[in-house]
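Below: a set of structures, written as structure tokens.
Shared chain: subunit A. Partners: subunit B in the first complex, subunit C in the second.
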Partner chain A sequence: MLDLVNLTKTYRDLTAVDSLSLHLEPGEIFGFIGPNGAGKTTTIKMIATLVRPTDGEARVNDISVVAHPEQVRAIIGYMPDYFGVYDDVRVWEYLDFFASAYRIPRADRPRLIADVLELTDLNVKRNAFVEELSRGMKQRLCLAKTLLHDPVLLLLDEPASGLDPRARIEMRELLRQLRRMGKTIFISSHILTELADFCTTIGIIEAGRLIASGSVEEIIKQTGLTRTLEIRATQGLELVETILRDNPLVHDVVLDSESDRCQVSFAGELDDVADLLKCLLDRGVRVVQAVESASDLEDIFLRVTRGQVA
Partner chain B sequence: MSAALLFDNPVLDHEVRQRVRVLRRLGGVGLPMGLCLGLFAVAYIALIFFLAGHDANTARGEDNVCSFVVLLCLLVPGLAAGSIAGERRRGAWEPMLVTRLTPAELIVGKFAGVMVWPLLVILLAQPVLLMTTQVPDWPLTWRAGVPITLATCAGLAGVSMLCSARCRSHRAALTWSYGLTFALAFAPVLLTIPAESLHLFNADRAIAVTAPLCPLGMAIAMFDPATLAKGSLPFAWAGVAVYLVLAVVCLAVIIQHFEPWLGRDAQRSA
Partner chain C sequence: MGWLMDNPIIVRELRGRMRTNRAAWLLFGYAVVLAITVGATYVSSRHDMQLLYNGELGATLFGTLAMAQGWLLCLIVPGLASGAFSGEREGQTLDALFVSPLGARALVRGKLLAATLFVLLLMTISLPLVAFCFLLGGVGAHQLVGTFAVQAASALLFAAFAVGWSLTCNSTTQATVMSYLTVGGWMSFLGSAGFQSHTVWAALPINGWREEYAWCQVAGHSVPAWLTAVLLIGVATTCVLDLTVARARLVRDGVVSMRPRLWLAGVAVALAACCAADNSGSHHWQDLCRVMLFLGALLAAVLTVGAGDVDLPRPVRWWQFWRHDPASAPLFVALLPLVALLARHHAVVTTLLAQRPDSASYHCAYSWPLVANCLMVMAAVLLAAGLVGRLMDHVVHRRWAGTFANLALLFSIGIPLMDAGDSTHKLACVVSPEMCFRGDMGASGVLVAVIFWLGVAALAAWLGRRALRPQPAG
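This part shows the complex of A and B:
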């Protein structure tokens, strides 16, 4: 679906993106993470045909973004982090303009506009003026515009930035729905916990270089990091500690007897976690809860990056 | 291809609709049109009375019609300068670049959007001019004034759009647009004043020389009965041709340089 091979962008003496290589399969949700100025937006703009790469190649569905940008534009949907809307334009008129810009026949436009408005839950705002919409609604409208021509690849640059918690949740639900529809999504975001349970793969970029990519599992493995498990048992925390410390994949155990919980620093994969829990149950430990810490992606990000910019 | 640019151009369609929406939102079509007409009439009458030294008889003379061109010369560069630079400033340009619109559609659509206002003002102004100057019919010079004024506006809009495409900021685009408008539209006539005082030209010759070079000279040549009688009409038509060619050349240059100025190579920030 998407192939980036040594993609590079330099501005005079500044290398914004440095030999970035990546491969995405159809239906994959790729979370692109990095500090401000790392090169995320430049990368997305190169794929969206808005910035010409200095070197390397980017191909969408095996079509080069440099050689055939018009063909690529027909199959991608790009949502920028900052976008402007026209004053004095109603929601449906805004969508109708972009539908015509994507060469959608006039007869098909009303149905398509109704479909994307329903998908983005903006049906009730069909006749509202765009300038009257809240920030979250404008973001959803921009996403609706991005979906009009049924793109196979969605490039979303910080779609949740500047949104309040409710709007973020709504945006996340919308993206989940798009995932269920089989869209391939390339998304950059700062909200790591949201990406962690949503993306199939992630990439971490710093100073223009992709320093890690793959599933969260793979990155944990690549970087030699441990995952944090929180286990709660109704009794016998000492026994739990003994069993855990016997396991070679357990690096550290911290007990909290007041809440009957222990935090385990664990270097294994998901199958190993399952084996560990089975072992506890087999030894008669009454496990009430076993949760992997949701902040794993944040931990990975903080440990892998150094806060450098391109 | 060229017909499609005008009759099947989403940008042009959008620009025209947007202007109609602006008028509608002001409270129905009748009210804004009446307002435009009234405001223009007041501005026009004030200007010709000022130019005629508060003499109503002189004010009714056709030689003052050129002030009409001057008013539009001040309106068009502001609109054209914002057509691209303004869109980029508010982030509305980039989403259009990733659609399937061609550079020609974008540029011609924006240009036509700018030209909607002068066209509307010119058409609305005709009855106002007839009423305020109390002439019994619609004189030939006024009828000819419509294409002359439109050509002038088109030329200035083309130049201002060129500035808009080249400049990174809206403010710079406005500065360059009005600077070049002054240089193109007014400076040649102003330059004839010292030339005349130094006896390099007489007034009629000066006007005839500047007519093809600037809209003000063109308008004076067109509407001043004295210079008209001396056969300066061809100079005025040459001015129309110059301005139309200027507009076409400017648009062609923007379309030709679309990629480095407005497209993929225009992005300079990471």
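This part shows the complex of A and C:
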């Protein structure tokens, strides 16, 4: 679906993206993570044919973005991080404009516009002027515009930036729905928890270089990092500590007697976690709760990156 | 009209524009200004017995109306169209537009026609006043058609200027200023060169139809001057539009092919042929050269305005003029005078020799060695212009500095060209390559000119390389 081979972009003395290589399968949701200025937007703009790579190649559906940008534009949907909308038109006129730009036949447009408005929950605003919409609604309208021509690849650059918590949740729900529809999505964000439970694979970029990519599990394995488990037991925390420390995959255990919990640094995979829990239960420990810390992606990110920008 | 509605930009722009109060006020103001102008002229002229006796009151009013409308177009069109792309950039909607499958040509055409259609609506408002002039007599249908055709063509050209600048400039303010300057330059050019050619005179949008300038000779036939004027404006518009499309492709795809430039060279041939055919009045072939050089200066200004969006590596930008870089403009611009000179030489031999009493001296004055001299000086001047522009661009970190340096240099060529007729000083050709055509300039003058401009180019290149040298850390 998407192939990046040594993709490089330099601006005079600055290398914004440095030999980035990546492969995405159809239906994959790729989370592109990195600090501000790491090169996320430049990478997405190169795939979207808006910035010409200095070196390397990007192909969408085996079509080169440099050699055939017009063909690539017809099959991708790009939502920029900062975008404006035409305020002087109504919502349906705005969508009709882009539908026409994407050469969708006039007869098909009303149905398509109704579909994307339904998907983005903007049906009630169909005849409203765009300037009357809230920021979150404009963001959804932009996504609706991006979906009009049924693109095979969605490039979403910080789709939830600048949104309040409610709008952020709505946007996340919308993205989940797109995932269920089988869309291939390349999404960037610097808010890591946003992507943790959403993406099938992630890539971490820093100073223009892709320093890790794959599923969260693979990255943990690749980088030798540990996952953090939080285990709560009603009694016998000392026994729990003993059992945990006997396990070679456990790096560290921190007890919190007041709340009957312990934090475990664990280097194993999900099967190993299951084995560990089974071991605890077999030894008579009354485990009430065992969760993997939600901040895993942040931990990975913080440990992998060094705070550099391109 | 179907093809118009198939361009989504035209539909959106017209829809958005006509919804605003600004459009309504503009239409109202336009009608009021024209009505006051015609009314005031009528009040002051209605007792003029000479006009009444000759039946020229209607023609006088129509002339005033045409002039007022022409000036209003000069004022309104650049303001309407100069935000075409820069406004999108400022409103952060340009990316969405560029990532759509709309081609560069469709984008430019949409923006241009959206502005021009509104201007046509404005012009339609003046029709009742035209009818009033018509009723008073002295105005013919051909006069009406000719004037409106020239004004509509001029509106299209002005819109093309503005759309081109809006794609080149970062802000709408810059684009507006440059559009007004370009329109002013075009009007000044037509005004100054118009006395030599009926076609050029008729191309001024502020001129109503006049009997003494109404016709020109094309291949031995009398042709309405407004027709050749519309052709001239059309050629200029096509040039500007093609450059704008090339610029759009550069901004969007980072690539510009040489095709538009070669195509433009063909247009230059057509322009030269058009001028060659118009041998009415007291014109002589220096005007043709001036036309070409002036157009060359304008094109150079547009093309060398900087390659900021290309982000080519620095060393490439300094010397690889030909590799998809607008900086190759000097080479392209050099093509224009070459074409002009070829046409000129041919015409001198075939036409002028037979007509002018001093044909022998003319032939002598315009012989090939002198043409070669002129080309050498032109090449040196353009090389210097390109390199100084690049230097300014780098040193000041402002693309505009480079542009203005170029403009200053180019106008230092163009302005003396206008008044250099009586000058016989050899140093004059340092700033005016056209002076090389004078038989009394001699080789020494040409040598001085070439050395001077190559010196400027070398200095600019040397300073540029020095400025590019990495500075030691700390």
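Quick note on the criterion: the second predicted complex is superposed on the first by the 310 of 310 C-alpha atoms of A that agree within 3 Å, B and C clash if a C-alpha of one lies under 4 Å from a C-alpha of the other, contacts with A are read in each partner's own complex, and residues count from 1 in each chain.
FYI, contacts are C-beta pairs under 8 Å (C-beta built on N, C-alpha and C of every residue); 3 or more make two chains touch, one makes a residue touch a chain.
As the structure is a prediction and not an experimental result, all values here were calculated from the model.
Partners subunit B and subunit C, brought together by superposition on subunit A, clash. Touch criterion met: A:V89 reaches subunit B and subunit C at once. Contact with both subunit B and subunit C is seen for A:R103 once the two complexes are overlaid on the shared chain. Of the two partner chains placed by the overlay, subunit B and subunit C both lie in contact with A:P69. After overlaying the two complexes on the shared chain, residue contacts for A:G37 are found with subunit B alone; subunit C is out of touch. Looking at the shared chain after the overlay, A:I47 reaches neither subunit B nor subunit C. 11, 45, 48-52, 69-70, 73-74, 76, 78, 80, 82-86, 88-89, 93, 97-98, 100-103, 142, 145 are the residues of subunit A that lie in the contact sets of both subunit B and subunit C, per the superposition on chain A.
Here subunit A touches subunit B in the complex through residues 9, 11, 14, 16, 37, 39, 41-42, 45, 48-52, 69-70, 73-74, 76, 78, 80, 82-86, 88-89, 93, 97-98, 100-103, 142, 145, 310, going by the rule given at the top. Per the touch definition, subunit C reaches subunit A in the complex via residues 6, 8, 11-12, 15-16, 19-20, 91-93, 95-103, 252-255, 311, 313-314.
Considering their complex, residues 10-12, 45, 48-52, 54, 69-70, 73-74, 76, 78, 80, 82-86, 88-89, 93, 96-98, 100-103, 142, 145 of subunit A touch subunit C. Every residue of subunit B that touches subunit A in the complex is listed here, in rising order: 10-11, 13-14, 17-18, 21-22, 25, 87, 90-92, 94-101, 264-265, 267-270.
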